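Going by the order they are written in, the chains are A, B, C, D and E; count residues from 1 in each one.
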């Protein structure tokens, strides 16, 4: 099984790229580990698509290089530019870009690797496009077209997947299933994915790494969990929905209540909605900063199932909202973030170093945990 | 000021439409009140876009009619079909559809009503496209193009706005601003909006009414708050992120802590992050079902600022997840939904009719409240 | 460098080819639009009729023109009686002949481009309140510029080189209807005038090249404006 | 109903026009693709050269063909010496003449359509591992079908009506190179043969109409496949 | 100055231009020559072309014009021409007189063609057919003909060496540097090659009358002779 963020393999994709596009200048160096999902996150117009295009070879940089594993794909200095079709990349464009003259099946098989043939049926049913196979793209709905585009890219068995907001326009369930599929895929086939999204929930669900882009520059880059703890980035990381993740081990299944018990590495336990993984499996739990309440001691007679003893590492005003503070908690060697109103913080007289109970409702855990 | 869902004005848009598209058949009757946002929600391929197209006059129905106020736009029986350009509708398509040969400014002014001219600058800066005005659409980023498309439709001063997933591909902040703008606009100009979205948060933030579409049929339709209380729809309404809304009156601003105090109509009080509205204003607070914890009595020494006394109307198993139950609460004449684990519910021995405290964290309130 | 007669032939050719393109431009675009965007009865027939000048030998077309537009022709008779216009044997007649021969080329190219214009954009313009004329003039035609240019340059070249129909309908009258190709013909008919013929030949080529370059330049500009990010 | 000579002329015309389109189709598409999708030195020159047959009077083109492809021409000499091929006075020669005259029309139409193919789709095909040839044959050309059809039908019509270059280069030999237009021309030059000429005229028109209808039908089918939701 | 429009057969282009240049030097008049094939000119005149004078390359089209009730007046035969057999300049074919012992077909080689004007309507072709018939070579040569659109086209094939032999007017043969005359067809092997002239303006101007008269005169005829024409009344 694949290990978590800690065990970052050597960089699979390594690029340093400079390009001037009109008034916009892109200047980014990025290394992406050889497996797992790297999310590109940034405002509209910050240069995410431009970066993907340079990596894919759809544009030539003014300067810089792109390397994938041991292959050099682009090197301006050496005047090297491997043509797109020999880069073995899968690209999901921001728009669907289906071939209008091929049926859906033809679109899917256009670049299909022979080895992917056995996955075809599964993928098609996962995407929910079985009944569309003989349709021409002109009549597909927006979301249907997107799904075909995703399937088309996945079936090429690429060495790197570049996905530009692939799941926009899909409904919640389908999105969830596809996210799970992608995660499973990165785990099974071990290819890196560079994933552009504006949706922090989506990113939290899928990404191991995060690259934060602003105005054509990389302003932060690293394991998602680390960046999620950085208050200075709260604003940029979607503020309201910020979340942190805890690593835990599956300890017990409670079939009666359909819950699973997990153990953090400091020994504390949590109850979460049932996770269908074998006992002993490592899981990552996404916990929204808003979903963590603090108490001096475990209250009784409430619906709270989970209280974690933690110590306060830091208390900082939210850069985003004058009414709240962000509290950084430490549980063993893991960290957790909570958001309180300033008033509550004052009334509870919270101080750095204090020990508190972090209250987390069982229902607050996304099923997205893995 | 506009009243809430209760005071539905006479139907502004009234349509009954039947259309066969290949194997897909659409058969929907829909009435949309004369102001406020009606969200169209449904899986990918359920027929949302097809419905909008029929309303806009881009397709002709096999049968049925479309009426807008006193104007009949389509009537199959009378062989009436007002051409698109005379319908006075604003349409934001699922794709941007900018005119590639006009600059951004030209796209924006193409259909601009003279009366909208004074709004031009404001809208442009709200959309963050000031610096793009002289660019040709070919070079815009995905999100930039979307924003121009939204601006273009808004500037026509239509009598009905049809928006097909307008905010996909936009980052959180921008999305938020635009949502606020749309809400303000419906309040100020009183035009109805039909709004397609897959994002429940977006819908909760903007919609007054909800129309649930499935396989070409309308399976539920009504004020958003009512539908949000219906457990049978939980699954379809995005499950995990379901939310209900409370109506309250702004009572006090706490400048020190940047909080606002609001009063529910049963007299109970809540503290929420500051809302920039005059005292006495009606506000609607969106509360995620996951954000409501229950307690027998108000716990002390916690970060909870808000405890509302409520009585349990009903407890039902979640259709969606075996580990949780949904608890319907009553506060005066309002209703609130909470989600608990089944285990917590059993341990607390909750019963219908019981009185409990609903714990709601101040930080859980979306700034989207109005 | 050039003789008076040559200059005259050049000026005349330009005038005639220019007028030819001029008078067919609007009807050509209109017909192309009709064919590209509408279904109606007799569409195939209209389409077929349009192509006649392309299919028939030019001399036959010229003869048919003479029969219909000549002073004794049914249409020419009418034109002469009511408007005092007589086309045969005049430069206007040559322009008519050139235009008729060039018409199918213009229509075809414009139609091809019109059909390539994305109807989604036209629909979008409709939702913005543009009626079909505004859509035509602000969306469809501007986006069909490459086809308009191609059509115009093909038509101009065809009119410039028009010979058979012109000599039959408008005759070969110096200063009136003796265009470059007719002058060239006259020379070529005469043994021993090869070098003079070659001069005219080169002249024709130069003029055509210039008009071609101009159209390419315009087309390139038009295309560059529409450039998207994938080239 | 039709005389033997007429049948012969029809069959010959079809054979010659068909061959003419046949031999220029591939080069025409290749050149159109070069012009539409590549930048290279001498592009304008190539573009200009291509248009010569359109710009020059056909008789001149025929004469130039004679100079180059005749048995004593620089190319014709070589052809004859090495391949034993002699083009003048043969139907093959007529097909060459027809093809040369039709070439610019084919190229122009195809190019116009190729330029309208969305390069984004080509890029997408590239990311799916298709090399430029696969892209060309699976994406670009299929999407340019309307232009290919238009180009082919224009070329066919032009070759079918070709007269000046054919008679100059391939002469007017019954059963060999006397195509419909040549036969028609012969009749029209003879006093009193107007009705026979009219018959041939109608025949030409019928053939052209049929080829046109066929191409329209094919184009319509191609377009219907691509139909999006906005018409 | 007055204008006189002269519609003349294309084969007269050179000679006519020279004649006009000479005439205009001594007369204040603008002679406008219009050249095309005789048939084209005849049709145009029948359809109201503003021709003052028409010179046809054969009698048929003049006859036809009269049949069309065109105002043909003062018709007269102006010039004569002769029919010659030509070969490329560098040709090895020896001179011979057609109709003699040497057969034309024997000089064509295995696959050579005899280049002529289209024998059904191009005047030179019609005369060539008559001549070949009268010397008894028509049947042998008919499948070996290359029919040109006009005399010039027929000659071009010979000039370029595509055809080893061709039949053209003497005037054409004289004008070209690239062919040589192999032999002249006997005058009696074909109808006389005459260029009839007529005034077509029912109300001819003085200038027209004057020019028409001049054309008949010695000055004009001497110019035409230089180009290989023979005056009709020369013999």
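As a working rule, a residue touches a chain if its C-beta (ideal position, glycine included) is under 8 Å from a C-beta of that chain, and two chains touch if they have at least 3 such contacts.
Labels paired with UniProt names: A, B = Molybdenum import ATP-binding protein ModC; C, D = Molybdenum transport system permease.
What you see is a predicted model, and the numbers here were worked out from it, not measured in a lab.
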Fewest hops from chain A to chain E - one hop per pair of touching chains: 2
Shared interface numbering between chain D and chain C [over half = same, under half = different]: same
Centroid distance [mean C-alpha coordinates] between chain D and chain B, Å: 60
Chain B and chain C, separation of their C-alpha mean positions in angstrom: 57
Centre-to-centre distance between chain B and chain A (centres being mean Cα positions), rounded to whole Å: 26
Interchain centroid distance [CA atoms averaged], chain C/chain D, Å: 19
Multi-chain contact residues (two or more partners), chain C: 59, 63, 120, 123, 185, 188, 228-230
Residues of chain A touching at least two other chains: 58, 95, 139
Chain B - residues contacting chain A, complex: 21-23, 42-45, 49-50, 94-95, 128, 131, 135, 139, 141-144, 146-147, 164-165, 168-175, 198, 200, 238-241, 254, 257-259, 271, 273-274, 290-291, 293-297, 299-305, 321-324, 338-346, 348, 359, 361-364, 366-367
Residues on chain E engaged by chain D in the complex (per definition of touch): 37, 39, 42, 60-61, 63-64, 67, 111, 113, 115, 118, 120-122, 145-149, 153, 156-157, 160-162
Residue ranges of chain A touching chain D (in the complex, touch as defined): 56, 58, 83-91, 93, 95, 97, 99-101, 110-111, 136, 138-139, 152-153, 156
Chain C contact footprint on chain D (complex, rising order): 44, 47-48, 51-52, 54-60, 63, 104-105, 108-109, 111-113, 115-116, 118-120, 122-123, 146-147, 150, 154, 157-158, 160-161, 163-164, 181, 184-185, 188, 197, 201, 204-205, 207-209, 212-213, 216, 223, 228, 230-231
Chain C-touching residues of chain E, taken from the complex the two chains share: 5, 7, 10-11, 13-14, 32-36, 40-41, 43-44, 47-50, 150, 152, 155, 172, 175-177
